[in-house]
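The next block holds one structure in the form of structure tokens; read it before the comments.
Naming follows writing order (A, B, C and D), and every chain is counted from residue 1.
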Amino acid sequence: MKIGILTSGGDCPGLNAVVRGAVLKGITVHGHEFVGFRDGWRGVVQGDVIDISRTMVRGIAKQGGTILGTSRTNPFDNGGGPEVIEAHLVRLGIDAIIAIGGEGTLAAANRLTDVGLKIVGVPKTVDNDLDATDYTFGFDTAVQIATEAIDRLRTTGESHHRCMVVEVMGRHVGWIALHAGMAAGAHAILIPEQKVSVEQIAQWVTQANARGRAPLVVVAEGFVPEHLESPHSPRGLDTFGRPRLGGIADKLAQELETRTTIETRATTLGYIQRGGVPSAFDRVLATRLGMAAIDAVVEDSWGTMVALRGTEILRVSFEEALGQLKSVPQERYDEAAVLFG
Amino acid sequence: MKIGILTSGGDCPGLNAVVRGAVLKGITVHGHEFVGFRDGWRGVVQGDVIDISRTMVRGIAKQGGTILGTSRTNPFDNGGGPEVIEAHLVRLGIDAIIAIGGEGTLAAANRLTDVGLKIVGVPKTVDNDLDATDYTFGFDTAVQIATEAIDRLRTTGESHHRCMVVEVMGRHVGWIALHAGMAAGAHAILIPEQKVSVEQIAQWVTQANARGRAPLVVVAEGFVPEHLESPHSPRGLDTFGRPRLGGIADKLAQELETRTTIETRATTLGYIQRGGVPSAFDRVLATRLGMAAIDAVVEDSWGTMVALRGTEILRVSFEEALGQLKSVPQERYDEAAVLFG
Amino acid sequence: MKIGILTSGGDCPGLNAVVRGAVLKGITVHGHEFVGFRDGWRGVVQGDVIDISRTMVRGIAKQGGTILGTSRTNPFDNGGGPEVIEAHLVRLGIDAIIAIGGEGTLAAANRLTDVGLKIVGVPKTVDNDLDATDYTFGFDTAVQIATEAIDRLRTTGESHHRCMVVEVMGRHVGWIALHAGMAAGAHAILIPEQKVSVEQIAQWVTQANARGRAPLVVVAEGFVPEHLESPHSPRGLDTFGRPRLGGIADKLAQELETRTTIETRATTLGYIQRGGVPSAFDRVLATRLGMAAIDAVVEDSWGTMVALRGTEILRVSFEEALGQLKSVPQERYDEAAVLFG
Amino acid sequence: MKIGILTSGGDCPGLNAVVRGAVLKGITVHGHEFVGFRDGWRGVVQGDVIDISRTMVRGIAKQGGTILGTSRTNPFDNGGGPEVIEAHLVRLGIDAIIAIGGEGTLAAANRLTDVGLKIVGVPKTVDNDLDATDYTFGFDTAVQIATEAIDRLRTTGESHHRCMVVEVMGRHVGWIALHAGMAAGAHAILIPEQKVSVEQIAQWVTQANARGRAPLVVVAEGFVPEHLESPHSPRGLDTFGRPRLGGIADKLAQELETRTTIETRATTLGYIQRGGVPSAFDRVLATRLGMAAIDAVVEDSWGTMVALRGTEILRVSFEEALGQLKSVPQERYDEAAVLFG
């Protein structure tokens, strides 16, 4: 049996560990052969593949990024579609696809499975916003990097008696902000799911300052303060028409400094959160997901995605996986809010 | 309401985050007062306490160890027992106890609750061997430290074409070895739950070497090879009659070198696995457990322990928590064994 | 003898290690007493001090920031000047001052020494721009943090076939960019000392891309490309009239993307470079400088600054120390340029 | 011109950065060709080489170990000697050798240069014991790893009120112990250069304990306490007759516990100090040394070694480099001793 693997969408720590897990299990236990589609769905649509040998996955579990390359190509655009893909699979002798990607990839995989392609999914989202799995790999690494960076920023804030505003990833959900903020002891955590006014934030900042602390505000990039226009409108698109990472921290820092008169500095962590050596947690999770994907292939579980529940790896259908975004529930936010102010 | 907190047994990354979570929730939400028993049950038995203010828990979530001190004192020995403890609690005006500790602490807390003391438990075991919770705090940090150390050892092994044997914590269960070994790509993982002969290990080492790899063996301290006497018997006790950390790696390295003629080196990670800055994962988990312990106190859930299931914090009775050791199940070992050899 | 210590200007990893070194040597060897001026020269001008005991410096060598607080106050402004300061010193019984700071602090200390105050200086600049010393503490930590961040960014760049532009500290000199860029293998390093055109940078980026690399550009915040207006002019001041950190990376990324058509992303590391746990190198250097400052005090070497030359700690006069900025020499830039393109 | 590179002796963080620096400078600036001798002098003696292309050195500066492999082979033994080597060089068309190694390698290179071989040396010693250079690469990384490990051990010591004894590398000189001990705030630093009695050490431990600290003892592996037989005699050789890493920490911990009655634990850091990702400092130093070795080759400076003095890279003759071991001078030990007790 010959299996094609692809990694799609934004890169994420743990992608290579998934590939390693799948390839080693497939080769060792089942005698599978493997190819990698280059740059995500682009490689599928264009039939652009490389052979993956056992040697090629050597030591890659600790490498960030993806050895297969990635892109944001949609398999139904760019001259793609099921017939074109099918033809490439037949030509290349590929029996099944393991697609590692986020919601877009799983939605596309769902449509392709409906017309008969044999696809198994592995969930990938640094933001941890997929509802069908407890955690996705990459999230733990991102939270760890953000927490270490915030630990560093605190000593600067304390030495200068400043308020520090830190922007972390999270366009639609606030999981990274919630966890890094709790870990680092933030005096305010701001996430897309929760409307909070600048007045309220300024009050938390003032309270922390009054207790002699250097106020720490952790804000998800997708947070929009109540009564303020979206920070994404004026500078939301770059010269190539793509949405821009960042922005809210700068704006918020200015607003807070004006209202509280406490010197305030903004830092946007940006891409450092998604690159580099994955945490041990993510390597283990990703390896297990890769191996479980092979089990799904062997058992003809097409149209399913592997997922973590508690300490177990299960399978859920693409439909179920695509149900809705996993946002931060009210009780988790309230729990963190105990630390505010 | 006045709550006494204690940390008992071996130190563990995250203890201070539990204390912070409990104290901040108790003070902020419920107006509780807090004291800390010094050095675990010793402080309870002797009525030796310090006041814990909000200021005292400032920034401690990222500190390893425990600001309260710890010991291995049993509350029924050393002049202790329920009457003595009760008398101290009355004298000090303490209404309830939050006991952070492992199996010994929970068993003692169970006996004390049976005779009427008001105790809530928080599970603590670096080894992750408590059955009633998915994970315990400290485990993630230990796995991360071990994985980073093993990553370092690999480059030495590869440069010298050596086999590297690494001993990690795990006297009765192999969770740290399993996770660190999977994360680092070990060619053999040896745990107390699995009998493996030295012949089998030597074969894995030889296979890895034949494929051009520097063989990597990760062994839990409590592993005993089949047909070999326990490494703990000859040098198992130190001059004070206490069990010694380490030992199996040295012995195994010699055996493997003799059998395979591959130059082999042993490293025992030891105490570095349990000290220092906790991972973000452990800080979040520990903070949540500390807060949940306050909920249990407020709801008079005496005799229960807070526990992680999936992403939720639940309560389980001490009896349930003490049921049995959580050992590595066969399927998890088989999963890791795909990477062996 | 009673010594007052102050830390002035931007915070810097290692400040606390200087304080520890000075205080432990002074107390242990000479029986000195110590006070800390709060928030740099502000504490001197206002006579605002705290006692420093041996207990207070316990374990602080590994803490970022400064336990004394810092500010950008000038001792000749804000109601200061030699008479006011002298009066405070007499009132507080302070015999000598150890001033830890950058060029501004040393210049002020020089003027104060000229009128008879007893001051010894310890050089502090994250940017490493003081000519009289081989290295200043904090620089090594900043380079290490920047290098680790760039290592992370590379895997993202490689997975997406993007050019990554990273902005590091260095308003007037490019030492951090030079070292982090060499360590991380940058395809272009851009520093204030070297005029380079955008055309040239675009050519290096294109060359690296042609060889299959994800181009990496490391730029010091103070770099100004030839033929481009200063990035600091339009957005150089914030609402409080202070110069803004950052800016060149965003602008450069847009220019490079336009010229090369290679997808390009900017990251500004900002404050994370100057906070948090100091590297071992910086802790040793800072400790030694603190101890050497006590030697200078004991030997009445007023008006001198301690400095590193090779592996030795020497003294140089304030005049010599203030001679000129230590900029990156041409041969060091040429050396790094071997890696470009 | 065709240059052969070898890495010899124990592996060391930065070896690959030297190779990268040399190869990129040679190829880019001078059009050199490169081969690597496999496994140090073994590859020279046997004429066993691999081609080194520009692609092969891609991204290796951040990899620990050596891509060329290493061994402890002596070029005059194992069928070697100048004639055999000369013959291989002629056959392979190799014009010059860059030998990266410690004292043994430089001594061998010296003898080979004397009979006409064209060799340039690059100093390599994790222990930093070469007299002709301020620092050697690898030393900074080792000190950093040791310091981070000791930081972790402290929190365990403090929680349990224990004395922690940590053994670091340093068979003949104590530089790693000196620097890591100063950085981490050790209450005793024990190095081969300084005779100290167990009584004295026990006194320091007792003093620190009396001040409420958890005593921290950092000991170099080659330290021998006064009045105690060498710890290397009973267990100094393993089953293959090689000297064993470690030993003194265990012995010392027992002695100290017996004398002070303070619970004491030993940790031997071992191989983790020499593997893994090099620090930025070491990457920069190693890259510069590699480039400077090419300059030496181009200028026919045979029989010289590149070396760091202050911030400059110079050349010294092999004779000068081999003069004597660089041991820790008395004044540096006295400086650190201010922190003892």
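Criterion: a contact is a pair of C-beta atoms (placed from the backbone, for glycine too) under 8 Å apart; a residue touches a chain by one contact, two chains touch by 3 or more.
In UniProt terms the chains read A, B, C, D = ATP-dependent 6-phosphofructokinase.
Since we're looking at a predicted model, the values are computed, not measured.
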Where chain A and chain B overlap in contact partners, by chain label:
none
Chain centres computed over CA atoms; the one at greatest distance from chain D is chain A
Any idea how many Å lie between the Cα centroids of chain A and chain D?
41
Averaging over Cα atoms per chain, report the distance between chain B and chain D in Å.
34
Using the average of all C-alpha atoms in each chain as its centre, how far is it in Å between chain C and chain D?
30
Multi-chain contacts in chain D, i.e. residues touching at least two other chains, fall at 148, 151, 154, 277
Arrangement of touching chains [line / ring / star / complete / other]:
ring
If we count contacts the way the header does, which residues on chain A are in touch with chain B in the complex?
20, 24-25, 28-29, 54, 58-59, 61-62, 134-135, 140, 143-144, 146-148, 151, 154, 179-180, 182-185, 211, 213, 277, 279-281, 283-284, 287-288, 291, 309-311, 335, 338-339
Using the touch rule from the top, collect the residues of chain C that touch chain A in their complex.
7, 10-11, 15, 39, 63-66, 69-71, 145, 148-149, 151-156, 158-161, 164, 238-240, 245, 254, 257-258, 263, 265, 267-272, 274-277
